[in-house]
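Shared chain: subunit A. Partners: subunit B in the first complex, subunit C in the second.
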Partner chain A sequence: MQLINDDNEMKKTVNKANLKAALTLATTALLGSVQVAAATTSVEPTEDSWSFDSAFLYYSEANRVSAAEAVFNANKIYSDDSILNVKLTIDALTGASANGAVAQPKVQTFTRPSGKGDYDIKPGDTPLDDTFHDTRVQLNGQWTQALAQNYTGSAGGHISKEYDYLSLGVNGNIAYDFNKKNSIASFGLSHFQDTFTPEGGLPKPFASMTAAYHDDGDESSHDATRMGSDDDKTTTDIMVGFTQVINRNMVTQLNYSYSVVDGYLTDPFKILSLLDSNGIAQDYLYENRPDKRTKQSVFAQTKYHFDETILDVSYRYMWDDWEIDSHTVDTRFYIPLGNGSYLEPHLRFYQQAAAEFYQPFLMQGDALPEFASADYRIGEMTAYTVGLKYGMKLADGNDLSFRLEYYRQDPKSAGQKSPGVLANMEIYERIDAIIAQVSYSF
Partner chain B sequence: MSKRRKIITTEREDGYCIEFDAMASPCEVIIETSDRALANFVGKAISTEVWRIEDKYSRYNRQSLCSQINQSQGNPLAIDDETFALLNFADTCYQLSDGVFDITSGVLRKVWTFDCSSNLPSPLAVANVMKNVGWHKVKYNQTQIILPADMEIDLGGIGKEYAVDRAILLITSLTQQPVLVNLGGDLATNSPRKNGQPWQVGVEHPGFVNKKKMVVSLFKGALATSGDAKRFLLKNDHRYSHILNAKTGWPIENAPRSVTVSAPQCIQAGILATLSQMQGEHAETFLEEQEIKHWAIR
Partner chain C sequence: MKNKFKYSFILATVTLASGCSSLGVEPWERDLLAKEQMALTSSPIDSALDDHIYFSKEASSGGKSFGGGGCGCN
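Let's look at the complex of A and B:
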């Protein structure tokens, strides 16, 4: 028998420059060569490899919309560090939402979006459409894995369904780490395809709101204001990011994103009051928005780890070709209390400029603009969030947390003069909301 | 021996700690789980595996395969796949170190006793023992080994680290809960802790009396330490470390007293720590050039 010695192939010559590589190879050969002789032959792992998070969130605006949301998140990390993430979100929205018309000194009657039936608004009240209720089911899946040394790739899909809305999306992201993983550059793309089938069809731009029809009534006047039953829009996002570990305590992230939204961007439920020179509503016209919006944003975030606490500060500046520029400053402060419990105060400030075509109402006698909307969400506003989160570790090692936040939104005048009776009306009504959330990880 | 072989399970804030003695060291397994039965089960499996390796490769145990090889008097002795793999690994280390690391160098203990004294052996005595040192004189293949008479092999330099890595492999087949295995300071973990924070590991520096434990953060991977501050010889202000150069039979000069290295696997960390000490005064430079994370004490 030929025994093996240092002159034959078993004893390779090793290039010292590749000491680490040679050792890795030898280690792999050693540890991979022999089956693990488990002391016990049959093993029943009592805990599986998935980890789960669940959260229940309740959002309530005073006198307006309230939303309940349940999130179920599942994560599986494979032995090669690949990650599968599946997230299911169900939310239910009920309550009343501003329809865009302004308050008046007398009772106002509005036709519901379906054209069938109407609702009255008391003098002095901001007109709210109380037919607002919807349930949305959203499913996201994301797969993340190493592609090559220093490269991590991620791809995902999204589907979201509401009664009158369907959204489908795909995304892909690639990250490159260098400088001993202290720097990460990433590039991402996503694309969404949404289809909107609103109750009552899509109103024609600036069509006059017709009187409601009732059970055997004539639908033809309603139908005359409609231009179809559904429409769609696409959203394409490009994102580049850079993350840098500054030192042991500090990590910073910078992102830039460019987003193009194309298609039906009008809100078919929103109207504008057409006022005479005394400020009295003569008509209600359906709004009309451009069919394209290009958004850009820069985002900077820094996390600083003090001896025990962690400060997380971020700033986002967003601008678009609708001239809605916004600033967001968000701050969280993590304070451990021992035994795995913690407190986390949260402060957020948001400021937004009005869209170029935003106007709180239209005036009789003025030429009709190409685009107009009285939707307060694209008007000038500031908003604050103040909140506190408390998290704790349960006896079984699982995490439970509670969050309570107060949100306040102050819409502001974009400079329009309030004619006649409107001087005594509240056009820019403040919104107060409470957000409560319970999360459980297991 | 059987009296020593028991495991003690204690509850911690974040899970369980299983302690046992093996390979002349205190050993612990920390597992982040609320399931005591799982913790016990994993602890038992790991201690059984570590004791199995100890029984098979300890040169102190006369029944061990290692002792059988050392007593084979130049006759071929059958080996299994695991032993073949270990010998291959030792062979790579021998090649990488140009023969400075050599598992046949254990016989040098006959002339070198590192007791902090000034008792250096005579060059002649060293040269005599060196006749029985030299990995290149050993013949082996997948099924057998032929060790010349009067030579010995000693897997003590890699055995404990190997046991750590085997324990981690074993854990992977048992649970996905975060586990840290620490066999007398050579340690590894299968995953970061559940809170996303690194494991905080106190690294002992054997022999340093007044030295506080050094605390090292470890997300994943392994740590191994080489060095012993109490084992040296001192003559004419010249400090001889207990790390011997198997090529000359003499101690490496100006080596750090202790080197701790981090690597994906414990056996890699261990051999890198040892190889770095064999570079003497260039130990740190050696590790830096290889971009290996380390902590050295001189």
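Let's look at the complex of A and C:
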């Protein structure tokens, strides 16, 4: 009798450990930004347990945008292994962003997005609009639980609000584990509904930038270039994933994603310079992008535990119907230093091809294309990130970590020739940024 | 090129799925895999912050998790 009881007890423990492992794998495989770190706690909670993570990040580009971001994340693991995750993110953005126009040998004057007021750019400088100041508040909630033997389900919501932007999202995932929970197949859906109400309204495609009006000025010429005050976009993602434990040291994951973005995809703040044959800007026209984009990606990741260290390598290939495709390789190497402290170097390489309608400027005399944008973020580009993280276990068992990274973007010509004076101008300016982060978990 | 990638991916998935019965560990061999550093996303906060940066600075997003909408990032 005693033996049978012991046996049952042991089975229960093993099953619980298995469910925990499955939940961990399933949630980490699926949930991305709302993943559940606490699920990996090695101590089995005997009752409901809370854990908290907080982080502060500072992102700063030389001469451009700076952002400060604070995150507070709460996890609750219930005694039945269900997991509740709630995350609050607040960020503040200030600084200057490239408006799309090209540098010129003379001073250039641009109207602010509101139509009210203007700003000057010095000869030879990449035109940057320093209007941007924004604060964003984001709230995420996610619930994960076992649905049936071998099935784990998860559902979540997202709300993000900034001055001119509202984003609402829902997601759902289901994971099926088999082969002693060494294999997990998962399927997820997510849908976002965004509303954009940009300062100054939505410019008409290729409308000419009008001169600014001032305090008592006439708004009518600005208003004539506008087609409304707000617009929507929806993003629907489908993701199929497969996670496989290879052996005691190695786990691997493969994902396929299909994403449809539908609606207002133009950036209302971006313009293109209209140049004469000598490369001198004659006008600035608001950009226009297609109102639909279909993206697909494959993602593969492997983690390998050496005797002490852990290597994490991932690769993503993305392609879309704007003819952008990109390669991303991301590598982290975990080096334990003893007493719970560690170092983690990080290397990331990114390369993208230009959208078919990307062009750094428009030429006078050429017919206007249906779509055009000079936003370098959809142009040809290579980017690198080099970083180092240091983490330590505090005396009370809480975790503290610091991360410092350098991010560099090298935009490149997609083959357009620079006419006249542009030959002496820097059109594809390099961007250098620093990412600094402090995290504390308790 | 794109089709080639798609087919390679399907092939890789099928190979993995069919070979997976011989892969893996017994429940009592999960000592290393159970470490939080061995989770596929061992630092979810870092990942979310990075996703947000790269989403707003590059033309690609998602892959590992949902790409999503979420901000009118500049």
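The rule is short, and it goes like this: the second predicted complex is superposed on the first by the 394 of 442 C-alpha atoms of A that agree within 3 Å, B and C clash if a C-alpha of one lies under 4 Å from a C-alpha of the other, contacts with A are read in each partner's own complex, and residues count from 1 in each chain.
Following the convention adopted for this analysis, a residue touches a chain if its C-beta (ideal position, glycine included) is under 8 Å from a C-beta of that chain, and two chains touch if they have at least 3 such contacts.
Note that this is a predicted model, so its numbers are computed, not measured.
Undergrad: After lining up the shared chain so the two structures overlap, which partner does A:Glu162 touch, if you call subunit B first and subunit C second: first, second, both or neither?
TA: Second partner only, subunit C.
Undergrad: Counting only touches as set out at the top, which of subunit B and subunit C does A:His305 meet: first, second, both, neither?
TA: second
Undergrad: Looking at A:Thr266, would you say it contacts subunit B, subunit C, both, or neither? Reply first, second, both or neither.
TA: After superposing on A, A:Thr266 lies clear of both subunit B and subunit C.
Undergrad: Using the superposition on chain A described above, determine whether A:Asp396 touches subunit B (first), subunit C (second), both, or neither.
TA: first
Undergrad: Between subunit B and subunit C, which one contacts more residues of subunit A in the superposed model?
TA: Of subunit B and subunit C, the partner in contact with more residues of subunit A is C.
Undergrad: Contacts for A:Asn339 in the overlay, against subunit B (first) and subunit C (second): which applies, first, second, both or neither?
TA: Once the two structures are laid over each other on A, A:Asn339 reaches subunit B alone.
Undergrad: Kindly list the residues of subunit A that each of subunit B and subunit C touches, one partner per complex.
TA: After superposing on chain A, subunit A residues 14, 24-25, 29-31, 33-34, 36-37, 39-40, 180 contact both subunit B and subunit C.
Undergrad: Could you list, by residue number, the parts of subunit B that touch subunit A in their complex?
TA: Contacts found on subunit B: 13-15, 32-35, 37-38, 41, 44-45, 48-49, 52, 81-82, 84-86, 88-89, 91-93, 95-96, 135-136, 139-141, 144, 146, 162, 165-166, 169-170, 172-177, 191, 194-195, 264-265, 267-268, 271-272, 275, 290-292.
Undergrad: What residues of subunit C sit close enough to touch subunit A in their complex?
TA: 2, 5-6, 9, 12-13, 16-17, 20-21, 23-27, 29-49, 51-54, 57-60, 62-72, 74
Undergrad: Quick check on the complex: what are the subunit A residues that touch subunit C?
TA: Touching subunit C: residues 14, 17-18, 21, 24-25, 28-37, 39-42, 53, 55, 57, 59, 65, 69, 71, 73, 87, 89, 91, 93, 97, 132, 134, 136, 138, 158, 160, 162, 164-165, 167, 169, 171, 179-183, 185, 188, 190, 192-194, 196, 198, 233-235, 237, 239, 242-249, 251-257, 259, 261, 269, 295, 297-301, 303, 305, 310, 312, 314, 316-319, 324-326, 328, 334, 342, 350, 352, 355, 377-378, 381, 383, 389, 403, 407, 409, 435, 437, 439 of subunit A.
Undergrad: Which residues of subunit A touch subunit B once you look at their complex with the stated criterion?
TA: Those in contact with subunit B are residues 1-6, 10-14, 16, 19-20, 22-27, 29-31, 33-34, 36-40, 43, 45-49, 77, 79, 180, 339-340, 395-397.
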